[in-house]
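Provided herewith is a single structure, encoded as C-alpha cells, for subsequent inquiry.
Order of writing sets the chain letters: A, B and C. Residues in each chain are counted from 1.
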C-alpha cells in the first residue's frame, strides 16, 4: 500500500507537536530579523559613515548559505565560550540571516520617503530620534509590510534546516519517524502539505493586506 | 551701539564641486524686516534660505543669528564648526515653509501642528493643541483641523504648513517659493495669510518668490540674485521702479512680459 | 552595491584564503574542501540550467498554453514555491523510492534544486514578459506576426534584460541551497566541512574557509551577472538609439 491512513492518523499528533516548534522558531527568528534589520537600516541613515561597513556585512551574510551559518553559530560559538542549545543557535542564525534581507527592505522603504519630510523635520528642529519615530517610520513601514511578509514566509520555509542540528522541528521529527518505521511517504508528504497550506494561506493574507494598504494610501 | 542684525551672512560661499552656487555672500537682515529674494532659477536664491535653515552646509564664511554664529561655535576664543546641540539651539529661532508643503501625510492638520511643540519644546498636549487651534484659526482652517493633508487643497495644505512653522514660535520665518506649486486660483489665500502674519506678528521674514506684485507690496527690501551674488538690492519702489543694474532690468522685463 | 566594491570584496576574500593557505592549521583542510567545492559547482551549474528551462517553460505555458497544461504548470509552481527546498529534496530522496523510482543522490540534488528555483524563475519570466510595453504587442499584431514570432523576435529580447537581475538573485539562492545536498549524503562543500569537523574538531579553521569559499563563488556569480546585465542593457540602448 502506497499511502497508509491509519499510520497517518498515528503520526499526526506527533507532527502537530513538532509543527508548534517550527512555528515558534519562525516567530522568534522573525522578530529578531525584523528588529535587527530595522536597527541596521536606521544606523545606516543616522550614522552615514557606517554605510559601507553595513553594506559589506549584509553582502557577506547574503552570500553564504544559511546552513553553514547555522553550523557556524552552533559549532564555532562554543569555542569562544558561548555554548548555545541547538534551538537557540538555529533561531539566532536564521534571525541574523534574514535581518540582512530585512534591512534592505527597510532601506527601500526609507529611500521612498520624500526628501521634504526630512527637511521639514529639520526645519521643525525635531531630534533624529523623534524624526525616525514619528515621521519616517510610520510612513516607511506600511508600504513594505507585504515585502516583510514574504520574508516571513520564506523564513518559515527555511526552518527545516534546523533538522541539520537536530532541533525537533517538523522535518527532524518526520525523518525520525521515517527511520524508525521505514515509512517515509506519509511523514515527509505531510510535512510538505503543511508547508504548502501555510504558504498558500500566507500568500492570500499578504495579498489582502496589500489591497488594504493600497486603499489606505489612496485615501 | 546699534542693534544686532537678526541674521547676518558673512562672506558665505557654497560650492557643489566646481560649481559655485553662492559667492561670498554678505547680507544683513534687521529685526522685523521683510526681505524678498528674486532672481532667475539657478541664481542661488533658494540656497540662501536652505543654508539658514541648515539644510545645506556652507563651504566658507559664517552665518550669524542674533549675534550668535549658527554654523560655528566659539571654543577657546576661536570659531569651530558647530555641533548638533549648538545648531539645534540656534535653529529653534527659525521656521521654514516649503514650496512643496512637506506636511506629514500620516498626521492630521492638528497633529502636524503639535508634533514639534510637544516633542521639541516639551509642551503638554492640551497646551500645544490650544496654541495650534489658535494658529489654524489664524490661517482660516479651524474647520479642517482633523483632516489629513491628502484631504486638503494645495492652498489649504500650505496654510497648515505656515501654522505648523509658527507653532514653534520662531523669530525668523523663511518662505521658499511657497506659492509656486499652487494652482493660480489658490495663490491669493496663501499670500493673504502671509500678509496677515506679517502685520500681526513681530517676525523677521525672508522669502524667495516669483510673485513680483507681492514682493513689491509686502517687503521692506528686495534682493536680486544673479549667478550666486546679490546683483542689486533696495526698497521695492526703487528696485522695481528704477532698477540700476542692466541684469535686473532684463530679468524684470522678462518676468513682467511672461506675467 | 557597486561592481567595484564587489570586485574588491572578491579580491579581499581570495587574499584572505591565500594567507590562510600558508598556515598549517588551515592548509590541511584545503584539498578536501576544494574537492567538495567542485561538486557544489557542478550541482549549481546543472541545477541552474534545469531551473532556466523549467522557468521559461512554465511561464510560457501559464501565459499561452492550453487550459489543462496551464493548470499543471500552476500546480508545479505553487507546490515548489509553497514547500521548502529541503522538504522537496527529502521527498525525492526518501519517498520517491517507495513508489519504485530510485534516483541517485546527485540526480535528486540537481532535479530538486532545479525544479525549486525554476518555480520561482517562472514568476520572473512571466513578470518580465508582462512588463513589456503593450505597444510592442500591438505593433507586432499590426505587422501580422505570429505569436511565436512576436515572442521570439520582439518580446523576449526586451524581457531578457529585465530578467537578468532577478535571475542573478535566484542563481545565488540556488548556489546557497546546494549546501542542503550535504543532508542527502552528497559530499559537497558543506558535507566535507561537517565531516572534517566531526573528525578533527578544528571547527574554526574549517568553517572560516568554507564561508570564504562560498563567498568567493557567490561574488563571482554576482559580478558575472552584473557584467551580463551591463552588456545586455547596453545592447538594448544601442538598439534604441539606432
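List of remarks:
Everything that follows uses one rule, which is that a contact is a pair of C-beta atoms (placed from the backbone, for glycine too) under 8 Å apart; a residue touches a chain by one contact, two chains touch by 3 or more.
Remember, it's a predicted structure, so these values are computed and weren't measured experimentally.
Judged by the touch criterion defined above, the protein chains link up one after another in an open path, with no loop closing it.
Judged by contacting C-beta pairs, the busier of the interfaces A-B and A-C is A-C. Averaged C-alpha coordinates give centres for chain B and chain C that are 55 Å from one another. Between chain A and chain B the centroid-to-centroid distance comes to 46 Å (mean Cα coordinates, whole Å). Chain A and chain C have Cα centroids lying 21 Å from one another. Those residues of chain C whose C-beta lies close enough to touch chain A in the complex are 1, 5-6, 9, 78-79, 81-88, 90-91, 94-95, 98-99, 172, 176-180, 182-183, 190, 193-194, 197, 203-204, 207, 210-211, 214-215, 218-219, 222.
On the chain A side of its complex with chain B, the touching residues are 114, 116-117, 119-120, 122-127, 130, 134-135, 138-139, 219. On chain B, the positions that touch chain A within their shared complex are 53-55, 88, 91-92, 94-96, 98, 100-106, 115-116, 119-120, 148, 150-151, 164-165, 168. The residues of chain A lying in touch with chain C in their complex are 2, 52, 55-56, 59-60, 62-69, 71-72, 75-76, 79, 157-161, 163-164, 171, 174-175, 178, 183-185, 188-189, 191-192, 195-196, 199-200, 203.
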